[in-house]
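Mind having a look at this structure? Questions to follow.
When the chains are written out, they are named A, B and C in that same order, and each has its own residue count from 1.
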């Protein structure tokens, strides 16, 4: 079930890459930031984790827009994607440093009355938080899907995903679409972070493990393919959990990278990516 | 006349679209063969198949009697098939001369080809000669990215020539350039042809094709339609039909006017 | 012109050689040692990633491999602690190359955006492996034969070996830049498919470049392990290393010869100084991130190119003008070749 949460976070990353050719290395730390926001609301203002999302999601959306306007939108030229990796890494160092100072480097976990409770169907136990997280992730993914395929703005996004230049030629404001996409891609980290923080203990450096898994997922799904990211997210978490249960949790991350290596040997463009077009 | 380059029964689909459907093409040694057809008839795809950028689903490409189907582009180039692209592709952040040196070929192992100096006197002289031939030698030390569109076309032609390929595939050499330059390019092609180079040219400018080419092949919907002398092809009713069917009125007029 | 340039290089080498002899405080020699290590690594990274445009964020794999090669060999061969262990430094480089070959073979099958991500993934495989296998000592790391040199000059031999490595990689980078191999790497950066169509064997060129760049990084890792006397997986396989050398190169000038050297000199020396002055690592992260953003946003080409552009602008304008007004003249040919 955590697969759906990873799928959600990876979808944000893919949306940003597909529309903007930007690899957002800050996605990992932004998830943690989202988790800390929920943490701060819960601990200091006693706001429930799920109610708090009404505040954290818009906040993260604005954070995304600020990052895009301040740094990413200024990148141009042939090395744009490479530069974006470095810029977003720098942003993530900034946030990591700030989080370390504000929240210290001790591990925390989000708490609420339902976090450690579970119910049973037959002999299988379901944690409330996992079920709620699953419903939330599926809900957000379907609204994202609805927005992409059923609204006018979604058409603009999908046009920009397909070809930025042509989209600009038919009068789509690619610049604005990019900013909003980055905002949306970051906003989903608020929900992802909340669920992640309630099911794992975390501190700012947890983001390294998170971003490496997310990157693996989007490469596996085929860079820029939204459906691919969702499926790869669910699939990888399943594989990782199986390895964790059957063998040892230590090797669960390792299984990600091994699957990635094998898939890329067979299909260099990822599972659902378009083959590389060599002649433009 | 002997056949230098032959594509036989080439098919290639992209998704549901059949870009090439059992297409044949023959290029005779020493000819300037024109390849025309309505937009979307598969000309560029055929180029990509011949030069190794796209692998065909079926069919064979033979060059100098040797089967080169599905070989990688670098191998094809080393065998003596050079090409230019529809939208010029040069190395923008290198100098014009460095662009030329990239294409310099030597029959040697990979280790030697990497450790050798990039600018031996012989290579530079050879490169400068070809730059001079197309008339941009004076730009040799400028960044290639700062060249105008026409100059890029000339550079692209020059760096293909530097490796002295036997056959040169030109994808719309006259596209987007002014009349003076079109004539200049046509002159260069004739000069090289007189020296024994074979050309295969995709071009929409009918005047250019009809004046320059010794043979013209028409493609339609991924198939070979007719081949022959330019005047014969122009009069062929099948050709007019193809252009009519393709709905390409402007080109139809051009074919008819010739 | 060329003479003058070489003279500057000699002056720089002499200054670096004189540094530990003039300023004998071991703290500063240690700072100098780390600065040289990073100068070598950034330069080596640039030789592949800067020239070819394939940004790799997994160089720590080679650094760590070099460090573990040094540690495991010196431990299992029961080597006497001391100068003889320096012979293992190039061995560390070779082991790193042996790792780089299959790594590059897998990772370089894909295009550059995906390549970045795969290098990160491979890096995590190595980090996890080193922390969990028993022969690497797990998270408690490995202790090397203990070198008992006097603290007052302990760093000096390491400093000079590191300086030797820097000189080696600077010469190698320059040689690659002048060779046909370097030309092919640059062609791949500008338009890989076009290069392929012009007979460049892009796959072998990329793999050779990648493997070659691993050698120096592996040597640096080995030297680091020997200097520290104890290695931990989280310090030799650290993502900060990968991004640091990339940042240093971007700061100095991607794809230039002096850029990575200069960038590493500025960043690593100031970082070492900052960590000694402020013990707060988080504050350092913020400063580091902010500096990086400033560089990328205001000098995206790096310091070297920024300065060179300012200096060359007039000369270039004059050159273009003369080329335009006097067709066929040799004026352009006699101009200096941009490096």
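Rule of thumb we're sticking to: a contact is a pair of C-beta atoms (placed from the backbone, for glycine too) under 8 Å apart; a residue touches a chain by one contact, two chains touch by 3 or more.
Keep in mind it's a predicted model, so treat the numbers as computed, not measured.
Among the chains present, the centre nearest to the common Cα mean is that of C. When you average the Cα atoms of each chain and compare centres, the chain farthest from subunit B turns out to be A. Note: centroid distance subunit A to subunit B, computed from Cα atoms, is 46 Å.
Spacing of subunit B relative to subunit C, judged by their CA centroids, is 42 angstrom.
For the pair subunit A and subunit C, the distance between C-alpha centroids works out to 31 Å. Shown for subunit C are the residues in touch with two or more other chains, namely 193, 196. Each of residues 278-279 in subunit A touches at least two other chains. Residue positions 53, 85, 89, 92-93 of subunit B are each in touch with at least two other chains. Within the complex, the subunit C residues that touch subunit B are 178-184, 186-187, 189-191, 193-202, 204-205, 208, 319-320, 323, 326-333, 335, 337-338. Interface residues of subunit B, counted against subunit C in their complex, comprise 51-53, 72-74, 76-78, 83, 85, 89-95, 98, 101-103, 105, 110, 113-119, 137-143, 146, 159-160, 163. Residue ranges on subunit C touching subunit A, taken from their complex, read 53, 55, 57, 106, 109-114, 116-118, 120-122, 124-125, 128-129, 132, 193, 196, 239, 243, 246-247, 250, 254, 281-286, 288-290, 292-293, 296-297, 300. By the touch criterion stated above, subunit A contacts subunit C in their complex at residues 17, 21, 23, 71, 74-75, 77, 79, 81-83, 85-87, 89-94, 96-98, 100-101, 208, 212, 215-216, 218-219, 223, 250-251, 253-254, 256-258, 260-261, 264-265, 268-270, 276, 278-279.
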